[in-house]
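Both complexes shown next keep subunit A, but they swap its partner, so subunit B is in the first and subunit C is in the second.
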Partner chain A sequence: MNTKNSKAWMILALLLFVLFLGSWQLVSMSLKNMPGPIPVAKTAYEFLSDPFYDNGPNDKGIGTLTLYSVSRLTAGFVTGSIVAIGVGVILGLNQVLFKACNPFIQVFRAISPIAWMPLLLYSVQNSNWTALLVVFMASVWPTLANTAFGVSNIKKDYLNVANILQMNPVSKVFRVILPAAGPTIVAGLKISMGSAWVAIVPAEALLGSLGLGYFVWNEWNNLSLTSVIFAILVIGVVGVFIDVLFNRLARRLAYAD
Partner chain B sequence: MSGNKKHEHGAGCKHALADPFDSQTSLMHCGCGSKEDPADTAPLTEESVIDRTVESAVVRALFQGNDLTRRRFMGLVGSSTALSIIASIFPLDAAKAWAKDSPGPLEKKELKIGFIPITCGTPIIMADPMKFYEKHGLVGTKVVKAAGWAMIRDWAVTKEVDCAHMLSPMPLALTLGAGSTPTPFLMPAVENINGQAITLHMKHKNVKGPQDMKGFTFCVPFDYSMHNMLLRYYLAEGGVDPDKEVKIRVVPPPEMVANLKAGNVDGYLAPDPFNQRAVFEGAGFIFKLTKELWPGHPCCAFAASKEFATQMPNTFNAVFKSIIDATMYAHKPENRKDIAVAIAPRNYLNQPVEVVEQVLTGSYPDGLGNNHNEPDRIDFNPFPWQSMAVWILTQMKRWGYIKGDVDYRTIAEQVFLASECRDLMKEGGYPVPSETYMPHTIMGKSFDPTKPEEYLQSFAIKRT
Partner chain C sequence: MALLDVDRISRYFMTAGSKEPHCVFSDLSMEVFDREFVAVLGHSGCGKSTLLNIIAGIDYASKGYVFLDGKEIIGPGLDRMVVFQNFALMPWLTVWGNIKLAVKAKHPDWSRHEVNAWVERYVAMVGLTGSESKRPAELSGGMRQRVGLARAFCVEPRILLLDEPFAQIDALTRGVIQEELVRMWEETGTTIFMVTHDVDEAILLSDRIVLMSRGPSARIMDQIEVPIPRPRGRTTVIEHPSYYKIRNRIIRFLSEGTVEKEPAPSVVSLSKARRV
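This part shows the complex of A and B:
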């Protein structure tokens, strides 16, 4: 990308942002009780100037709540991904098994992770574990499907070379299979991460587990749209931040074919 | 520490309850040779008697009954130093609290108590900021906000919370297994009486009664709620079948206000502050307070699983007492403004203080330009009348929430702990009724708790 292009997109983005603020302002002026950008900015300033306050178990700063959500996301996503990649490699190496399991994977993939929530809550009987499992469920399927697909499409030459070298199964997985299927797996992980972050907000709101979702619900209880809009922005910004971090991590893992 | 204050009275009497940290006193039971008035240093209240007894017992044990050594030691180091030395090696405060909370120590102090952010739960909620739990030794007890009734029910059943704020039909439904797996629950105390209202959309200003409400869409907070039972009763008394001629939806209260504003629903029978909030938002008006339907009707309750009460009897007793104290405190009109300030913040109700105050003091605008002054718009009384449980059961059967034969009395007495509540209320010095059943009058129709089946059969509109 050359410098001229990079400037062009920045100017365009800025214009879009101004356009967004302007139309938001217009909407807020025509809709009764709809807060515009200025009151939201004020609220944002108030919340952000003291992000880690603690006024008891039901009222914590936005920074603390973000940390709750992010750590829940990390825990659920990491465990979900490990399981998904493990199972994905096994399925990818065994065509018959893959074909047999594929319909089930597709069915499970289509189910919103939130739909699992009542069932999970009923079986694990703990709302924090349930929220974690919802994230887990959201993380598993895209990565699983992508890993299985990626592994089953590795060039046969790679596997043959590994066999000739008489590599043991463990190093075969780590030194040949995973790197070869790497890009597909990373693409799956990215989708998983996105759907996990999307799932976490309603899960927390419904379960009353501390986090950004709880914040949205608690402010909604007070019919405070200003705070709700602020929370929406925080959720979006944190989501982008996670995505950027993830891309950096993925670039480190990338390799040339 | 309390010992320091007592010491200020100076030395004097040789009394079994004399200050054990004073070098001039004897702790021997028979050694009362002094002619001074024993009231001089003897503690006066029951609490301080217990404090003093515990202190003396500890001090006597430390000096192995040798009173002379004790007096020499106290004379040497001074009483306050001695007190702090002893307190540092022996948990004096804990021993004192333990003695007061007889018959035994608290099995657990740091309880989690679930609540729904509505004014019905006022005593449960305010007991945290106003330190009613602490007063009964439950230091570190927290109140946690739940997102809805189904959630708080699941929290209570899965033991994620030790006790919970519930709607008074819920412990009955839980015990019977209606809408959930059967789990024996107890309802030691009612929280609020009255305090609900029917709120209607502004376009229904001319509505006079149920006859004008055919085709309406209403919201209630939960199936097993007094709101649902009272709304159905109200409509049916006016000849409107609540299952066929109107729609009743279960909706979380904040969404009721938003839906009313949007005109998606015609009204609701809901807990406050969401009736007053609709007025505050200009979304609707308060059509009727529920106290006009049934003066003194129960609404929300304090509930715990039977398992919790059996496994931790002392803790259960302490939390029960905290709730009774808080409820009786909330009953007094002069305390209501302070309570509104204590429970309005984000950690609790998360509502404007003004709205909470309008609800609790009963001095409020109704949304049609009239100001009302109804001090008992909401009131607080912990006594769980078993006749109220019987009424709730008749209505649950009436609308098909429970089927078959219902053993009204047994269930009512198993869940609504009226006599236990009475004992603890008496202990706290509060007036108590001598009965646990009484006849009620709901919209002019009398209910005799000894004849529930006849009462049920007397209704024209029913599902049984």
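This part shows the complex of A and C:
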């Protein structure tokens, strides 16, 4: 039964993939100049066979560009997450503060990180820093909201045990509060990472910071739709890869009550 | 002098929709002596867990004081370990990790080797050798409470506070763990304050039973010495001539709320005499 099921979904996924390629091919035949799967595959092969070439400041291999985007993402995401988890723990432990801050968090969370871009660019006057700050803004809010919620819902028993054991504040946070709220925090991190990855593409495109988003826009300006489609696929695949990493982290931190 | 001295404590709290504070208990006093095993018995909701929490320092008295070794209790501390009814184990830690957490809190200066040796000793004491790497979710209720007991005993507190520790454990396992608890209590020479609503458990385990009336405004109505010699077995204890006398006295109190006019002046002195 189980093995049969596992085969069934794989066959279905393969069928969907074929369906996708087929409809793409149909669209490309009916739209003038729209590349179909085969030219894109050729382009992909070209790009992927030399992923780290360097032909000057604005022409680099797809591997290099991905690394640019991912490292920008990592830097903004890590700093944003540290701030979010730190503030989230403080809010989670203080109900009054949490209630007072919650409306603001909800408002900030609803704002697309891209909407901040003009303000940020005006403030820091540097496109690379602005791109980083956009990722930071995208990373903070879901993690902050989830951390505060997770910490405020920790079972009172765990905190009682920590108090009875007279744990100092640092070990209380790292040995009890963070592991107890861990699964909720990781769920927040996952949402944050998703929105950061979504935000980084337009940020790089608009700011001209070297990376996958920049590549998409540059190839559009070169009227190379084949490369644009290839870049889109790369963005999707990298996103899936990141998500897998977070699912692993979530599984490690999960606990059965 | 008593090890634990509860001195006229009251506990009030405000309830929604009422201007009068709700009184859990007022002017409640009791003593626990060194190496004694005392059970506080009362109906569910009579405030006995509140009393235990105040002694533990995780709740506070609105009025009055609690002294341990002559020092006033103002918060939680490693000299009073609690064993919780719902175990309160950290579910993300293994058996080993849960006990180690307590050992490291008590002895932050110990080397890894010393910590591990200590943990191992208490894992063995509760008979969990072989299950060290299991998480609480993989354990039965009885095994979880063994971890809870090991965690409490391993910091060697002045007094152990047990909050209905066996209420969530199936009857067959309960008897085994009860006997183990008594063995550990005797081996370590510690003092135990236990809250329970199980009459047989109180008689089987304790030196003295403190009867608490129903809340609100609960009071200590009576104290009964249990003169049955140790070791007591689950099956032999009922053969002792005073077993049913004590049991009936408690049952009558629990069902009718009345106390026999047989004051127990010897309660405190008897208890001292036996244990010292």
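Heads up, the rule we're going with is that the second predicted complex is superposed on the first by the 254 of 257 C-alpha atoms of A that agree within 3 Å, B and C clash if a C-alpha of one lies under 4 Å from a C-alpha of the other, contacts with A are read in each partner's own complex, and residues count from 1 in each chain.
The definition used in the following text is that a contact is a pair of C-beta atoms (placed from the backbone, for glycine too) under 8 Å apart; a residue touches a chain by one contact, two chains touch by 3 or more.
Just so you know, these numbers come straight off a predicted model, no measurement behind them.
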Touched partner set for A:Asp50, first subunit B, second subunit C, both or neither: neither
First, second, both or neither for A:Leu206, with subunit B first and subunit C second: first
Partner chain(s) touched by A:Tyr158 [first = subunit B, second = subunit C, both, neither]: second
Contacts of A:Ala180 with subunit B and subunit C, given as first, second, both or neither: second
Overlapping contact positions on subunit A, where the subunit C interface meets the subunit B interface: none
Residues of subunit B that touch subunit A when the two form their complex: 117, 128, 142-147, 151, 154-155, 158-160, 254, 257-258, 277, 281, 345-348, 350-351
Touching residues (chain side subunit C, partner subunit A) in the complex: 56-58, 75-78, 80-82, 84, 86, 88, 90-93, 101-102, 105-106, 135, 137, 155
Subunit C-facing residues of subunit A, complex: 155, 157-158, 160-161, 163-167, 171, 175-176, 179-180, 182, 253, 255-257
Contact footprint of subunit B on subunit A as seen in their complex: 33, 55-59, 121-122, 125-127, 205-208, 217-223
